[in-house]
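Note that chain A is present in both complexes that follow, paired respectively with chain B and with chain C.
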Partner chain A sequence: MRLSLEPIWPFNRPPRNPGALAVALSLTLTAFPAFSADVSPIERTPSAQTGKALYEQACAFCHGIGGQGDGPDAFYLGPYSAPRPRDLTSGEYKFRSTPSGSLPTDDDLLRTLTVGIPGYMPSFQSLSDMDRRHLVAYLKTLSPAFQEGKAQSLPLPPGPIPATPESIQQGRALYVALDCMTCHSEQVNSPEGLLTQGKLKDRRGLTLHPRDLTNLTSYKNGHSPSDIARTILTGLDGSPMASYLEALEPHPEQVWHLVNYILSLSSP
Partner chain B sequence: MIHPPPFSPTFLVPFLFLSTLIGGTTFFWTSQAQAIPAFSRKYQVTCTVCHTRVPRLNRTGERFLENGYQLPGTEDGGSTSKRKLGDVTLDEVTHYLGVRLRGTPLRTFHSDTHHAGNSKNQTEFTFPEIFSLFAAGTATNNVGFFVELESNMEESATAVERGFVTFNNLGKHDLAHLRVGRFDPSAFSSYATLRQHFEVIPEDTVDNGSFLPPTINRISLTPAAFSAKFSGLYDRRGNAILPTATSLFHAASEIGIDLHGRPFGNWFFYQVGVLNGANEPFGDSNKAKDWYVHTRIDLAQSNYFSANISGFGYFGRHNAKVQNMTDVNWNRYGLSANFRYHMIDLYGAFAIDRITNLPDALKASFDRTATGLTVEANVLATDRFLIGLRYDHLDAGGDRTLRTSHSLIALMAKFYWRSNIAFFLRDDVNLRDAQGGRNPERNFRNAFVIGADLAF
Partner chain C sequence: MNTHPIWSKLGTKSPLFRSTGGLLFGIFLANMTVEYSFPDIILATDIQGQVFYRGPVPESTTIPITKDSEVCGTSRKNTPIRVHTSGGLQHVIISIQGHPDTDSDQTQDYVLTNKGCEFYPAVGTVSINQKIHVSNKDAILHNTHIRTTDRAFLNVVLLPDSKGITKPFKKPGPMTIQCNKHPFMAGAIYVFAHPFHTTTDEQGLFRISGLTPGVYTLRSFHPVLGTQEQKVTIPSDGLASVTVEFSAPPP
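Moving on to the complex of A and B:
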């Protein structure tokens, strides 16, 4: 009989920090090996294999080992209302710089991992940049859609523009004209908003509350002017928050007025 | 000449607590649109990222704990939410300080004092009795800390409940983590002592002096698997150890050192530890040490399903005394398991306690084996409403004239106003017949409590 350690050693990623073994169990505070130490030159291209091992340790409890958003913790995070962890096999993503209905770019995925999703998914900034790229490489193996082509970022119209009272006024007019308050009722106190309260559903059919636009830190897709412009133009796919790219044609630069109005809601 | 009265420290402690409580709560209350405790604030996520429902941990929470308060799969201790200022790393106070206030302001007990039929009802109104102040987080990469200062108004005691330092990811990620200090040994088990939806409801006893059994007016309601199970056991100072006291592997805290890790990936967990284990509230008069081993297998990571089963052995050395003041070795072996599927969280533990080294003179009058079984089910009926059911069976050991077995069932409805603020109703019922005389386990018939658990 041959004994081999192979099958019970599931770390199929190369030891990322071989030096760590040398200092094993040394208890001096300074000797603690950094998990994600500098990347060796061989590791310059992201490896889905390495990403998989990281995914199993850091993401699978929520997103499920197969990526279907059905990990052991997924139900308790969003038992009867959204959001549950994303089904990463579906190819549908909320936080994109690309047009509605298309895949995110690598940088979009990297941004989600780096900043996290306020409220629901922690930031993984502490992983090295390379580790996050390994993860992105692995995420793209989970959905076949990624093999079919590369998505292009939608260029934002030139901006942002200064938040003058006129611009905010124009933004408010757009906000009303585009019916934003049907869902984001609180800001304009419109009775229509109340009609959608508790009735909006996400792709899984779970109740999803529209964002309270006065609470900037709760924005999932960032709250800088460009982040907000990106949200409005590309939409959050899989949620009722649609893309307003077409609605704003032929003057997409008007999005900056909307941005100024939204930002004015939270300024004291 | 008249000196101003010195500022007495006995005065200072309650004063500090009160001001922290009031200051702390108002501060956290007003500074957060949605009040969230320290780790939640640090990572800007809701409580349910780490808890099924507070205080029970989900898998992410369990791994965060194992990893020394660092996100699973990372070693983020040095960086997350901290600012570098030259050589100094600064962290926001609210990112590592938290407070918790819990208790059962209304309790009604029903008991049969002497014979079946001679019943007594007792209703108590109290203020929430347990206030804890936590400081926990990471000092730097892979060095974590946890301090819990607890003020228990019922026991009129303020003490460091737990306080330890962790050294994590020694050698390789998840290979070995070390805890040193005063900690809860069962923290990583399928059913951890300090993560209960059914909080311990304290006993009502009268102390009769060293090496004398106390008069138990009312037993405390603790999981039978975790409890001491024996009548007629004493700590090294001669204080009685109540049969319902949580102890050994399931002690709320003991001083020692503990090593745990997952060397083969997510599925296998090991833990070994050495404890002072003398069942003393403070001090260490016992030069022999207790030790324990615990392994756990985790299965399934998709379909909203997960399961784990763990086995442990706890080996005591001179960790208790019997009534003729001789030392005995008190051991515990057991299994615990947890299954989670969608809204159902089912868990339980079975433990066998054995006393060895018993003096020959006591062998006839002292039953050296006792067992306890606890099974609990929680169902999350809506986002905010949790139903809990627990069954306890204690097959008691120890002094044959005193020991009494019991079987209890408890039902609870818990409402989460916020993910960190819960109110509950609970009813505990004795399933066995009432018996006359000194039989606190059987005299107890029913308890109904209303309580609250708030963390900021």
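Moving on to the complex of A and C:
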């Protein structure tokens, strides 16, 4: 006997209480053993349809029903300041492990939803892992760019390496040589840093401030050594922060010196 | 190398060299000695033309340069509309719309170079699946930032004399090129889903080859002056010639 799941699994509405649902399901399962074959694949495969319903509850008020970054609450984030809630139809992503101009991987999207974007977007850790995967499946239907195929994560060079005074010193030299202070003037005194203040723009032409690298908790893309290395190598697309992959290519391990220097800026 | 006139006339973009056409032509050659009525070989021809600008040429502005002046100089002339003494208009993107052949046999990389704090070429056209190779020939850092209308295509910092970065074009449409370090640097690339495109030179001249006879639309796009379209007829014998005219932008 095949039973439809319709009555107990409201596909068009995500479960409000996944715990209760699990109980309901397990009860049903014991009652109808033939069920299990139908249930498990659904539980394991992320569904864009379920993701859509979750999106409409948890994301649309900022990102807009169509995903264009025009939800009603977007206004309260400051209509004339960057960043606006992302236009999720654009296919442009800041927080990636992939080369500049590429799409993020599923894991990248999952990380963004799990940790949130400090100062701009809440963490969705309160949702189940599966719900976040449903959301990722739905996000990928919003932009046609995802039909181009998958992007590959860039491998990080072996590391991190210990933050010895020598490493920090080398990192500082790189910070100067790679001209980071043109935009992030912290510590290294740079008249140019002051010149770019207020002049950096995002894709909508709104002023976007470079990160204050001394304020670790404000980092959007994470502040573990690997997170910072990833930011430097991949860049944040849609902002002026570029990928330093090519610039560091002759000696990729040097990225860890830079990371050590950046972390030293916030240590007392 | 001595080539039979038919080869040079066919041009590399001839449909005869594309998959099925090439095969048919091969069969044709193989059957030459056998009795054979002359098949419908369609010879590909070229279209050439000149784009003119009619109207007052806006004066160029001068942008002061305060960063890396030892390489970039102290100022840059900004000339959004480049007009030759003949009236020819440079940097117009020309394309033929509606041609049945869409495969490009252009396999060479599109080479974009940062040199003297300028992009070379400043304006260019490419076919989908062609690759860009970006490099930096200056003794300073550059930060090449190429964008489609929606998203970043590439935003990379390039070391002096670097080996550069290569990446394929996947989507048709216009792209802008900027340098995050030197805001006075600017350029453009137009990606096409077919091989029939080019840009006008300093005299406003252009030529597109490999077209089969027919009636097509010639589209001319200038970033400041906009887009124009006109019908063109590619004759079965000889070259097609056209003139395109842009007038002053509305104030």
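Throughout what follows, the second predicted complex is superposed on the first by the 226 of 268 C-alpha atoms of A that agree within 3 Å, B and C clash if a C-alpha of one lies under 4 Å from a C-alpha of the other, contacts with A are read in each partner's own complex, and residues count from 1 in each chain.
Convention: a residue touches a chain if its C-beta (ideal position, glycine included) is under 8 Å from a C-beta of that chain, and two chains touch if they have at least 3 such contacts.
Just so you know, these numbers come straight off a predicted model, no measurement behind them.
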Which superposed partner A:T164 touches (first chain B, second chain C, both, neither): neither
Which superposed partner A:S224 touches (first chain B, second chain C, both, neither): neither
Chain B versus chain C as contact partner of A:Q152, first or second or both or neither: neither
Chain touching more of chain A, residue-wise (chain B, chain C): B
Chain B versus chain C as contact partner of A:D179, first or second or both or neither: second
Residues of chain B defined as touching chain A within the complex: 33, 43-46, 48-49, 51-53, 58-60, 63, 70-76, 78-80, 140-143, 167-176, 178, 264-267, 300-306, 340, 342-343, 380, 382-383
Chain A residues within the chain B interface of the complex: 8-11, 15, 17, 20-21, 23-25, 27, 29, 32-36, 54, 56-62, 64-66, 68, 70-77, 79-81, 116, 118-127, 215, 217
Residue ranges of chain A touching chain C (in the complex, touch as defined): 89-92, 99-101, 145, 148, 178-179, 182, 192, 195, 199, 203, 235, 237-238, 240-247, 249-250
Complex contacts: residues of chain C adjacent to chain A: 66-67, 141, 143, 145-147, 150-159, 162-165, 167, 170-171, 180-181, 183
